[in-house]
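Quick one: the structure is below, questions incoming.
The first chain written gets the first letter, and so on, giving A, B, C and D; residue counts start at 1 in each chain.
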Amino acid sequence: MKDECGVAGIALDGGSVSYRLFLALYALQHRGQESAGIATWDGNSIRSFKEMGLVSEVFNEGVLEWLGGRIGIGHVRYSTSGGSFPENSQPFTVKFKDGMLAIAHNGNLINTGKLRRHLEKLGATFVSTTDTEVIAYLLVKELLRRDPVDAIRAVMRQLEGSYSLTILINDILIGVRDPLGIKPLVLGKLEDGYIIASESVAIDVLDGELIRDVEPGELVMIKDGEPETYRLVRREGTAHCVFEYIYFARPDSLMNGHLVYDIRKRIGEKLFIEHPVDGDLVSPVPDSGVTFAIGYAAASGIPYLEGLIKNRYLGRTFIMPHQEMREVSVRLKLNVVRPNVENKRVILVDDSIVRGTTSRRIVDYLRSGGAREVHMRIGSPPIIAPCYLGINMSTRDELIASNRSVDQIRDALNLDSIGYISIDGLIEAVGERGEDLCLGCLTGIYPLEIPGERCIVRQMKLTQF
Amino acid sequence: MKDECGVAGIALDGGSVSYRLFLALYALQHRGQESAGIATWDGNSIRSFKEMGLVSEVFNEGVLEWLGGRIGIGHVRYSTSGGSFPENSQPFTVKFKDGMLAIAHNGNLINTGKLRRHLEKLGATFVSTTDTEVIAYLLVKELLRRDPVDAIRAVMRQLEGSYSLTILINDILIGVRDPLGIKPLVLGKLEDGYIIASESVAIDVLDGELIRDVEPGELVMIKDGEPETYRLVRREGTAHCVFEYIYFARPDSLMNGHLVYDIRKRIGEKLFIEHPVDGDLVSPVPDSGVTFAIGYAAASGIPYLEGLIKNRYLGRTFIMPHQEMREVSVRLKLNVVRPNVENKRVILVDDSIVRGTTSRRIVDYLRSGGAREVHMRIGSPPIIAPCYLGINMSTRDELIASNRSVDQIRDALNLDSIGYISIDGLIEAVGERGEDLCLGCLTGIYPLEIPGERCIVRQMKLTQF
Amino acid sequence: MKDECGVAGIALDGGSVSYRLFLALYALQHRGQESAGIATWDGNSIRSFKEMGLVSEVFNEGVLEWLGGRIGIGHVRYSTSGGSFPENSQPFTVKFKDGMLAIAHNGNLINTGKLRRHLEKLGATFVSTTDTEVIAYLLVKELLRRDPVDAIRAVMRQLEGSYSLTILINDILIGVRDPLGIKPLVLGKLEDGYIIASESVAIDVLDGELIRDVEPGELVMIKDGEPETYRLVRREGTAHCVFEYIYFARPDSLMNGHLVYDIRKRIGEKLFIEHPVDGDLVSPVPDSGVTFAIGYAAASGIPYLEGLIKNRYLGRTFIMPHQEMREVSVRLKLNVVRPNVENKRVILVDDSIVRGTTSRRIVDYLRSGGAREVHMRIGSPPIIAPCYLGINMSTRDELIASNRSVDQIRDALNLDSIGYISIDGLIEAVGERGEDLCLGCLTGIYPLEIPGERCIVRQMKLTQF
Amino acid sequence: MKDECGVAGIALDGGSVSYRLFLALYALQHRGQESAGIATWDGNSIRSFKEMGLVSEVFNEGVLEWLGGRIGIGHVRYSTSGGSFPENSQPFTVKFKDGMLAIAHNGNLINTGKLRRHLEKLGATFVSTTDTEVIAYLLVKELLRRDPVDAIRAVMRQLEGSYSLTILINDILIGVRDPLGIKPLVLGKLEDGYIIASESVAIDVLDGELIRDVEPGELVMIKDGEPETYRLVRREGTAHCVFEYIYFARPDSLMNGHLVYDIRKRIGEKLFIEHPVDGDLVSPVPDSGVTFAIGYAAASGIPYLEGLIKNRYLGRTFIMPHQEMREVSVRLKLNVVRPNVENKRVILVDDSIVRGTTSRRIVDYLRSGGAREVHMRIGSPPIIAPCYLGINMSTRDELIASNRSVDQIRDALNLDSIGYISIDGLIEAVGERGEDLCLGCLTGIYPLEIPGERCIVRQMKLTQF
């Protein structure tokens, strides 16, 4: 089960941590809208509240007051296609011999099935289908005979995949990032405490200061006072998920040392260099294409102008039953600004194309609004392979680029021209070495061993045991 | 954690079991109003749905349709004083090596704490505070090396306390009753299948036929066809909970061979013989005292007449804030029929007195309505000790009878006279040997070893292993 | 549109009237479960809150606090068959030249259609389909040129039908009862104010004292201090609705000088005298037949014993889709106590038979439970005609007694014998003169002119104008 | 009571109008988020459904199916400060002599109080506090003696203020715009019918074609086939609300012949010409300042770059209780993109400043994020007077510009410089004659007589009567 999620953990000198976690999750809401949860240590045990829904729907004052606590963790979870069950909400909380444990997880393990089968043979039972419960199970086993740091090292030795975790072991807060640093995790200083979170925006909302990224393979532990950190795993390189930069993270996040906004704007600029075209306006697909389009417009000197306006009050509408209704779904979300595109050569910019269905509808919609030419520029290279490490994409068969040439895609989308950023251009715009990124979905070559896929596995070694 | 609950399990030849379970739980609603749940086998895995609320609130057609299944179990749970948490709803469902397991439990284990600590030392984790999760954990451990029947036998060897269980191990339905038969469990035949349930009323609502009580220590297993039964434990005597007869069960239940209605009516008759009094009317406290009052009236020849009328539309009202409002709470639930009691000698009949607070309010209310005398007759002996085996009573300190003589209770309740049924009278009315009943709350002597209490422990022996 | 409803109005010396009205409506909940509303005078204008649902669901502490007020009225409305709309909830509140007006109505006007058409010709508009809005419209018209008492007199001259009203004209509380006193209305004294309500049970719940019934054609007005009363209409006789006594009112109500409980018990006694039968037990259909059955048992000496037990936790269940489910509906509500009826001659007592469908199901159910004979005794004479004055019965065609002899009904219900109370017996049990009762549904002769029906119209005259 | 609202009316040749109205209201959601309603003609009477909430929350498939109809109207209503009551939801629907009437209103009448008092003297009653009910009352009075067109002309003679109405008189759809055309209203052609709506975006979502604006003083009536139009009022000039162009309308609307997007972009360009400044980036306050900023950036050549990112998942959060929480409210909604502004000269562009509180918080927030200079450019002239005609602004005292010079405002907002567009510049950007606009809030001179304010009243004359 693949989850895109956001995690947070906060330890205060005093006062009530639940309101801060609420705000932090609010800032991370873009990482998951399906469910939200908070677990806090109340002095004797862990209190937990989690439900399906947005952060603002799940929590109210009464719940936050009840949660209280000086230290705690939180989680938001994404609505993946297919079934979504309350049992899979996080943080996952269990009682064990020495107290209680709560875990919030962002990422995806590759070897869950194997781990589960192994544990089940030893008598393990599971109440959910999450990786998180497997991690909790392994961790409790280790905690029976080791201290928290050694226990987590022992667990990390068994996990394969991506994971950024915030963990509460009774009154101890721990943050952990997988040895390749696939998923982001940052450490921040608050006026009266510390925070560990998926993105720096959660620090910003609390008026705190970003200290630094948690390093791949690093554990940060906060007991009473200052954070202690342990580099539990040595590694060769990293495998930062490139799609965090392209579309998943908020543009105002500082991640692995980069401002996401800058990366996207640079991609836009490079897109013009790689795929220049004569046009009358550069229009984003709102909101995903905005920053790329700003870059493209700046580099080309072609005016930035909105050819499409987004309806800001979409809400959660019911599934419309009539065929005619389904056809209007794109018109409900977007409206073509007809005078802006009529008889114009529109350069339409978006972050990525997955299945292509929505893109095609938008292009047709622009043409019916009078656009003379539509040229599409895309802020990612073609997605040709699935992601196994935390981004919920379609299967290979559904990907429009998996078995089509760029020209075929252009025709399928009814475009005058199409231009994808190249992989090299992308790497340059990101500003990291290519071998420090996970480009699996763009190259089909993964940084971890995945059955049936090509892999260039990075060696990793526990620092000690 | 003490739970009063109702359980059910149904196996059909075909068709959809969820609607039947819904109806069965409906009929068992009096055994628990806090939460309700159903788990069914869908051919590949167990589907489960449970929520806080009444059966009629928790389930709707969509949910029942989704649950489907040919075999399944259900549970209703009582609102005990103190915190009530969604996590404690049942059936408790887990995945394990060989599939899935769901358990619904009515009763209370005495040695949960000990079992939990033992399991936690071995690395066990728990997500709820229920006995049921402990039972599930033990059962999965045994299922790894034994067949279901032997596994349950091995588990029963470790459990101390009361338990009537319905269990789903993948597509196998099992019913189990503890070796003393403290809590009820019956087996019934439906037109197209079999049912195991806490009370026979669940069979009635499905137009089925009661086959017999599940015996203490017996396991009933239903796979494809006919039920197989195993007497897993030999025993000396039983310990049927006497309060099931007095107030917990529905009067129309056939339980351990008795009609509950008959027992209550006989108690009423004996109450007159033990405590006759001149009066103008015999009035029940509705609804709990009705059958006892019918018996008292029949035996005495004094007219049965309602001095109090119950408001049938109470609903779930909010906690009223003003002091004046709290004082009217008894008047909201009951109304004195003034002309029926004015200047009359009222013989007021109820099933039991726990703390006495409500009884006192009712007596005062009758007197303010003009009653000349109020004589109370009670269908149970004084409750002097707590229950450890499944009935959620007050602590010893709160029990009005734990440190007061009968005369003192009479004065505390502002009565002209009071009469409790004697323990011998109760036993006779029930129609079982005293040593086959659990009378712990009435005598302070329990049928199982309970630290700090007097016990007459019944020897029990596993039939084989 | 026919409504069965309950009304209340309370004026206090000070304090908050909304809580009292809440309690009064609570006690009147049996008169209407579809919607509930309260309107209070806040010193400057009338505040109003009304919603679909039970009293306990509609109101909460916040709403009652907001309503506040020293004087106000309330209403509960019955779920009639056919459409039910929020717009029809009451009290009906309007702003007019001299302030605000709120009206709560129990009863049914015969000439609404005529009045509406007349008013519409003058330009009137209506936002609901209720009689109440028509009354409000007429009243505002008169208030423009007369004082409240004369205005209401003028309105009463135009109304034909049954009506018990509580009215708020700014800070004045008024209660009015139609000239024949068809629907009940009582006046009570509270510790710190006065109450006008449909039934005395609303006074009881507030620990107040019943002063007397509001007389037919009488207006009671409460401004600051004591109630002033005006006999606005002279009349010959009354037309008390006999079905209030038989089934609509609560048994503990004192209505028109009678205790409803007494009337029902006397009917039960007379039923034995008129229709004796050998039997082993007298069992009520719960809860409607209880008091009648107590009377029958007392008169006959045959034991009162419950052959049927009602499920106390019905809640509001969804409409079950499968045919099999519909068939169990009677088993969901009632359970036969098999040992009480097996091989027995059951005398089954109920208040009335309307369409007969449910009665037939109950009889069949008793027989399938082993009853050897089933004899039915009914606390009302056969219902042969519709009600036009406030009780929501079936149409003539649906009434089982409208075109069948008693023998045919016996056979249709699969009974060994059936006995209805006679009209004379009923009148005697009630204790009023027959000409003071409305017996329209039993005789087909109505006390007001109804097109197409036989009527014996009582002359009425306004006392002055 | 001042309402900002959106209205729509649709007549189809056949099929179900309710789904279309739902979509149209969806597109107009920005004009009102408090309540939504639809009324349709079902062949016999008008069906209506309205509730507090967003369009997507109020309606579901069941409701739309029930509404059905071939012809109908809809309404969305804005959450104005102060009390908001369900009674005020629209369309307002009444029954009258010749059938039913439903009205949806956008605008604000000036003489409501006078009209109400007059009508109340004649016996009128009101169930809401809306202008709409007054209009309905007047219209019904006229309909009793005239045909719909003449009746509406007679009503228009009495109304003073702004109003765009959609009206259903039984099966006739009518759209009306006030004689000065203060509020917008457009007419569109659908594949199988016609639509009248506040903005052209409601036509776009249905894939229809804008025919033209409804003219000031014009009535459009749609019975069975083609629209008939009547110019009921002659006028001198118009008084288009200039704030519809600046902030209220959607940018993709075509209104009074202009594309709103173009107007805003031109304002941005003129802003640079009127108030040039050296800067490193032009950043909008999202989303209100975006189009203005695009214009400013294009005219100045200074890069368009987002210094602030909006949280897209705000939802409806509860009022946070702690002081600290209130202070974070701006950080919850917006996040400073620190690297984009650090050490930079930021030109911040917004549409308008009302009270200045939020602007000040944003400026402080930018400075705390490291901005070296903050220059603000505003797309409207200073707001110095209240609006009486439909835009819910603050009172004069609360307006930051009502008693402050521009320099004082600059200081109050902690800015390096501030520049408002001039009134002449605004008029030029709009592209209409100044005397055809309502500039009341910018000049304090109103196009209608308003007690205590300066007015230049436009003569108007009914075309005939």
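Keep this in mind: contacts are C-beta pairs under 8 Å (C-beta built on N, C-alpha and C of every residue); 3 or more make two chains touch, one makes a residue touch a chain.
As the structure is a computational prediction, the values presented were derived from the model and not from experiment.
**Student:** What are the mutual neighbours of chain B and chain C in this structure?
**Tutor:** Intersection of chain B and chain C contact lists gives nothing.
**Student:** Does the chain A and chain D pair touch with the same residues on each side or with different residues, judged by whether over half of the numbers are shared?
**Tutor:** The interface of chain A with chain D is built from mostly shared positions.
**Student:** Report, in whole Å, the distance between the mean C-alpha point of chain C and the mean C-alpha point of chain D.
**Tutor:** Result: the chain centres lie 50 Å from each other.
**Student:** Would you mind pulling out the distance in Å between where the CA atoms of chain A average out and where those of chain D do?
**Tutor:** Taking the average C-alpha coordinate of chain A and of chain D, the gap between them is 38 Å.
**Student:** Cα centroid separation between chain A and chain C, in whole Å?
**Tutor:** Each chain's C-alpha centroid was found; their separation is 62 Å.
**Student:** Considering chain C alone, which of its residues make contact with at least two other chains?
**Tutor:** Counting only residues that touch two or more other chains, chain C contributes none.
**Student:** Going by the contact rule set out above, which residues of chain D touch chain A in the complex?
**Tutor:** On the chain D side, the touching residues are 19, 23, 26-27, 29-30, 33, 54-57, 60-61, 201, 204-207, 250-252, 254, 259, 261-262, 265, 287, 290-291, 294, 297-298, 303-306, 309, 311-318, 320-322, 324-325, 328, 331-332, 335-340.
**Student:** Report the residues of chain D in contact with chain C in the complex, numbered from low to high.
**Tutor:** Of all residues in chain D, those touching chain C are 93-97, 101, 117, 120-121, 123-127, 129, 136-137, 140-141, 144.
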